[in-house]
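One chain, chain A, appears in both complexes that follow, with chain B as partner in the first and chain C in the second.
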Partner chain A sequence: MMKQTDLTVEVEGLTKVFRDFWMRPRIVAVDGISFKIARGEVFGLLGPNGSGKSTTLKMLLGLLYPTGGRISILGRPPQDGYARAITGYMPEESYLYKYLTARETLMFYASLFNTTAAQRTERVEQLLEMMGLQHSADRRVGEFSKGMTRKVALAQALINDPELLILDEPTSGLDPVACRQVKDLVITLAKRGKTIILASHLLADVEDICSKIAILYDGRVHVEGTVSEMLQDHKHLSITLDSVEPAVLESVLADIKRHTGRRPEVRHPAYTLEDFFVDVVARARNTEATLPAGGQHGTIASFLSHGTEDRASGSQGRRQ
Partner chain B sequence: MRKILAIAGLTIRNSIRSRIFTPSVVLVLLATSAFPLILIGDGTIQGHVRVMIDYSIRVLTYSLVASTVWTAVRTSTAEIEERQMWLLITKPVTTTDIWFGKWLGVLAMNACLLFVAGTALLATVKLRFRPSKLTAQELHVLSTEILVARSTIEPDCSELQEEARQLTEAILSRPGGRTSSREATLASAQSEIEKKRNRVAPGDSREWRFHVDKTSSADRSLFVSFNISSPRQLEMKPLTVEWHAGTQQNRLLQSYRDDIFPSERNSFLLSSSISRAGKDILVEYVNAQTNPPSTVLFHDKTGVSILQNTASFESNLVRAMMIIFCQLALFAALGLTIGSLFSMPVAVFVSFAVILIFMLGGFISMTVAENNSLSYHPFPSIRWLDPFVRAEFRIFNAILAPVRHWGITANLPRGEVIPWSEVATAFAIQVVALSGLTGIVGAWLLKKRELGAPCEV
Partner chain C sequence: MALASVQAFQFGEDGKLARDSCLAVHFVFGLLLGVYSACTVLSDEIKNGTASFVLSKPVSREIFFLSKFFGITIVVILFSACAIAASLLGEHASPKLYSSEVLPLAALLCAVVAALVVAGCANYFFDRPFPSTAFTLLLVFMAAAVAMVAALHDPESGRRIHEGRIFMVNTSIQWRLIPAGLLVTMALITLSGVALALAGILDTIPVLIASASLFFAGLLSDYIFGYLGSGSMVAEIGRLFLPNWQYFWLADALTSKGTISASYLVSAAAYAICFLSAILAIGMLLFRHQETK
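Here is the complex of A and B:
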C-alpha cells in the first residue's frame, strides 16, 4: 500500500467532455480514469491515437479543465503556482519561439522561476552542455533541425530541476543516439526521486524506461500496472552465461534434458538495434571521451549534482 | 515583476526579429519625414508649417494605431495558435503576468517608435524651415505663432455671471417661476446670456476683459485668438474683422483689421505696449462686415482667448507624443484582450472594427451632438432604423469619450500648449484606469480559455 506522502500525482475519476459551440457534448475524450503515481516512478501512458493520452496530459498541466474528477500534484491542483513550479513539460511538438536563440530561450524560461541571475546562467550553461548545444547556443531555434529543437524543448522542461516531468513523445524526431541519451536521462532522473509521466507511441521506449504503465483506449484505462509484472513470461525461463566450450554446453544441455525430458533452446542473446547503433557510433568516434552520450553523462551527473550514475545500469534495452 | 519584464523582453525581441518593427519604423519615418515634404499650405509660412505638422501627427497616429493593434493582436493570438503559450502557461506565471508583460512589451516598442517619430518630425521641421531659407518676418511669425507652446487665458466672465445670477433671481421670484432647481436655472440663464452676447450684428461690437499676469507676460508675446462663424463661410468668402485692444486707462492702444476665413481659428499679435501695460487687457470686436452685412457668432467655449507663450515647441512636441503614447497604450490593451478572446481571423476582424470606430470618432461625436436623425431619410424603408442607429451612435460616443484626449494634440500645429495636466489626465484615464481594467478582463479571459483545446472542437 502506497503512503499518501509518497504520491506525486493522484487522478480520480478524471473526465473530459468536449462540447460544441452550443455547449452540447460532442466528444468524451477521457472517461472517468483514475491512477496514482508515486515519487520516483516513470509512468507510461500508452494508447492508440484518440485514446485520451494527450487530453489527460493537458489536464495534468492545467491546459484543459476537467469536466469531472480530480487531479492532485503533490496535493495541489495543476493550476496552482507551486504545482507549476515543480513541473517540467516537454510537448509533442517543440512550440518554441523560433526567433530566439537556444540560450535566449532557456534564459527566458529560467527567468520565470524564482532563481537568481547567477543560478539561471549556471543552469542554462549546464543544460546547453548536457544537450550538446553549447556550440549552437547562439543560433536561432528556427534554424535548428527537428532533433536539435527537441533538445532545446527538453532542456526548457528541465530548467527548474522539476520534481514532476511530463514528456509527450519525448524521443520523437531524435536520432538513435539522442534517443538513448533521453532515455538514460529519464532513468537517471527517476533514480534521483523525480517522477516522470511519459506518453508515447513507441512501445520499445516505454518498455525500456517505464516502471509502470497504463494503457488507454477510448478514454478509459484498460490495463494498469508495473511493466515487469505485465511482461513477465512465467511459462519459460532463460539463463544467461558467458560463452562456454561446446563440450561443456552439451554436457549442461544433456543434464537439463535428463531432468526435464526436453532439450532447451540455445541461442546467443541479441542486442537491440538501438544498442547496436549506439555502439557503432561510439566506435566510429573512436574514443569514449568524445562520444556524446559518455560526455553528456558526466554533465548530467553534474547538473543533477548528486554523484554519478552507472550508465550501463540505466540501460534496460538489452534483450535475451 | 521579473516575470513580467521577462515576458515584455520576449515580446520586444519577437516583434523586432519577426520584422514587425522594421516596417513600423519605415512607416513612422515616411509619416514624419517624407510625407510632410510633399504638402503645401495656404500660401503663408505659418499655414505651411501648421499643415505639415498637423498632417504628420494625423498620419503618424493612424499608422501607429493600426500597427499597435496588429502587434498586440498578433502577439496574443499567434502564441496561442502556435502553442508557445502552452509552455508559458505551464510555468509558474499567472495570466496577469503574461498579459501585462506583453502589454509592456508593446508599449516599449511604441515608446521607441514615438521617439523616432518625434525626432524625425522635429528634424524635418527644423531643416525644412531653417533660418537661412526664411525672411526675418517669416522667422518671427514661426517663432512666435507656430513653433512655440502658448497657453490660453480665458476672458473674465464675472460680469456675465453676475448678470446670470440677477436673471436667475428674477425668474425664481416670478409666480410659478420655480419649475427647476436654482443651479439648473442659473446654468440655463448663463447659457442664454452667453449665446446672446456671442451674436454680433453688423456694426455692433462686443468687449472682453482679460486678467494677465504682468510678470509672466512682460517678456512674452500675447496673441488674441478667436473662433467665429458667419454665413460668409458657406459662400467660401472672407469676412472682414476689426479688433481694438487696450487697457483700462487707454482702450485704443491697438487696432487690427483683416479679412479672414471664419471656419478656422484665427489670431493676431498684441502690441508690446499692451503686453507690458498692466494686469487688465480689454479687447473689443467690431463687426465691420457691412458690405454685404453679415452677423458673426463667437463659439461658446473657444470664442475669444489670449494666447501667451509659455513653453518651447520641443516641449510641446514631447507632450503631444506622450498623449499619443497614452492612446496607443489603450489600443494595445484592447488588441491584447481581443487576442486573448478570439482566434486570429476573428480577432483581426474585431480589431479592425475597433480602429474603424476610432477613426469615425469625430463623425460619431458630431452626429450625436447635432442629434442627426434618419427619420427624414429619402428612403422610408430605412427610417425605422433611426432609434437603433441613434442608440448605437450614443453607445460608441460614450465608449470613445475617454479617448477624446486625442484631440488635444491638435494644439501642437496651432502653437498652443498641451498642458501637463492633460498629459497626466490622459495617463490616468487611458493608461492606468482603462488599460488596467482591460488588462484585468484580458487576463481573466486568458485564464478561462482552455488553451489546450483542439482547434476543431
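Here is the complex of A and C:
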C-alpha cells in the first residue's frame, strides 16, 4: 500500500459533464474515474478520440472545473498556486504567442514562476540547446515548423523544473530523433523522482516509457495497472543469447526438446525501426561537418538532469 | 483626421467642423480599436488556447484579466495621443475665414508617411515587427510635427504653459482640444473595460454586438432615463448601470471660444474610474468561473 505522502496525484470519482447554453447536460466527458499516481511514476492515459483524456488533464490543471469528484495534487486542489507552480504542461496543440521569438517565449513563461533573472537566463539557454533550437532562438515562433513549435512547447513545460509534468501527445509532430530524446528525457525526469502524466495515441511510445497506464473509453477507466503486468505473456519464455556456433545451438535445442517435448522457435531479435533510424542519423551526424539549423539536439539540460542518481530509487524506469 | 482639414464649408465658426470631425474620428476609431483589442486579447485567446496555456501556470485569473485591461489601456492611450496630435494639426490646417495653413497638413501627412516608411525599413533590415514599430514611430513623429508647428505658428505656447493656462484660451493652435480629447480617451478606456468584461465569457461577435448596443444606449442615457423616465426608480437604476457617454463628449463646449475646466476633467475622470472599477470587478468575477479549454 502506498503511503499518502508518496502520492503526487490522487483522483477520486472525477466526473465532468458539459452543458449547453440552457445548462442542460449535453456530454458526459468523464464519468467517475479514479486513479492514484505515486512520485516518480510515468502514468499513461490511453484511449480513443473523445474518451476523456484531454478533459481529465485539463481538470488536473484547473482549467476545467469538475462536475463531481475530487482532485489532489500533492494534497492541494489543482487551482492552488503551489500546485500550479510545481506543474509543467505541454498541451496537444502548441498554444504559443506567434509574434514572440523562441527565446522570448521561454523568458515569458519563465517569468511567470518565482525565478531570478539569472536563473531564467540560464535555464532558457540550456533548454534552447537541449531542444536544438539555439540557432533559431531569435526567430518568431509563428515561422517555425510544427516540430520546432512542439519543441518550444516542451521546453516551456520544463522551465520551472516541475515536480509534475503533464504531457498531451508529447511526440506528435516530432522527428524520430526528437521523439527518442523526449522519451529519454521523460525517463531521466522519472529517475529524479518527477511524476509524469502522459496522454498519447502512440502506443509504442507509451509502452516504452510508462510504468503504469489507464485505458479510458467513453469517460470511464476500463483497465488500470502497470505496463509490465499487463503486457507480460506468462505462457511463453524467451532466452536471448550472444551468437553461438550452429552445433552448440543444435545441442541446446535438442536438450530443450528432450525436456519439454517441443522444439523451441529460434530467431534473431530485430531492432525497432526507431532504434535503427536513430542509429543511422547518429552515424550521419558524425560524418557531417555542419548541420542545418534546428537539426542538432543537445544533451539534457543540467538543471533537469542533476541529482539523477540520488533519486533513482523512486523510478519505475524504462520498460526492458 | 487629415481629411478634416480638407473641407469646403464652415458653420459660422472657424474650425468647428474640423474640431468636431477630429473628435468624432478619435471616438469612433478608438472604440473600434478598444473593443477589437478586448476581443483579441481575451475572447480569441480563450478560443485559440493561449489563455489556458498561461493560466496553467501560477497566474491568478484576476491578474491575467487586469494585465489584459492595462495592456488595452496603454494601446488606447497611445492611439489617443496620436489622435489628439492629429486633431491639433488637422484643425489648425483647416480653412479659416481668411486663410488656410499648408504647413500643419504637410507636417501631419509627413509624420504618417515617415512612420510607415521607417517602420517598413526597420522590418526589412532589422526584422522589427511592423505594426508596433509603426505605431510607436507615429507617436514620436506626430509629437515632433506638433512641436514644429507650435514653434512656428504659436510661439507664445511656451509662455502659456508656464502660466498654466494653455488649455483654457482660444489660441492659434487650438490647445483646448486636448481636454476634449482626454475626455474621449476616458470614454474609450471605459468602453474597452466593458468589452473586456464581456470578452471573458462571450465570443468575439456577441462582444462586438453587446459593446455597440451599450455604446448607443449610453449615448441615449440622458434621453431615456432623464426625459422619459424622470423620477422613477427604474430610471435611477438604469442611470447607475448604463455609462453616460455624454459626460465625455464635450465638442459643443468648445464652440464660441469655450473651454473645458480642470474641475470638469477631474469629475469626469472620477466617474470613469468608479464605473470602470465596478465593471472590472464584475468582469473578474465572471472570468474567475469561466472554463478555458
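Before moving on, here are some points about what is shown:
In the analysis below, the second predicted complex is superposed on the first by the 291 of 320 C-alpha atoms of A that agree within 3 Å, B and C clash if a C-alpha of one lies under 4 Å from a C-alpha of the other, contacts with A are read in each partner's own complex, and residues count from 1 in each chain.
Rule of thumb we're sticking to: contacts are C-beta pairs under 8 Å (C-beta built on N, C-alpha and C of every residue); 3 or more make two chains touch, one makes a residue touch a chain.
Note that the coordinates shown come from a computational prediction; the quantities given were computed from them, not determined experimentally.
On the superposed chain A, the two partners chain B and chain C do not both fit; they clash.
Contacts of A:26 after superposition: chain B is touched, whereas chain C is not reached.
Judged by the touch definition given at the top, the superposed model places A:183 against neither chain B nor chain C.
Contacts of A:84 after superposition: both chain B and chain C are touched. Look at A:65: by the touch rule set out above, it reaches both chain B and chain C.
In the overlay built on the shared chain, the residue A:39 is in contact with neither chain B nor chain C. Counting residues of chain A touched by each partner, chain B versus chain C, the larger count belongs to B. With both structures placed on the common chain, the touch criterion links A:100 to chain B but leaves chain C unconnected.
By the document's definition of touching, both partners, chain B and chain C, reach A:112.
Residues common to the contacts of chain A with chain B and with chain C across the two structures: 58, 61-65, 81-82, 84-85, 87, 89, 91, 93, 95-97, 99, 109, 112-114.
Residues of chain A touching chain B in their complex: 18-20, 26-27, 55, 58, 61-65, 81-82, 84-85, 87, 89, 91, 93, 95-97, 99-100, 104, 108-109, 111-114, 140, 156.
Interface of chain A with chain C (complex): residues 58, 61-65, 81-82, 84-85, 87, 89, 91, 93, 95-97, 99, 109, 112-114. Here chain C touches chain A in the complex through residues 48-50, 52-60, 129, 289, 291-293, going by the rule given at the top.
Only residues 2-3, 6, 9-10, 13-14, 17-18, 82-84, 86-94, 450-454, 457 of chain B touch chain A when the two sit together in their complex.
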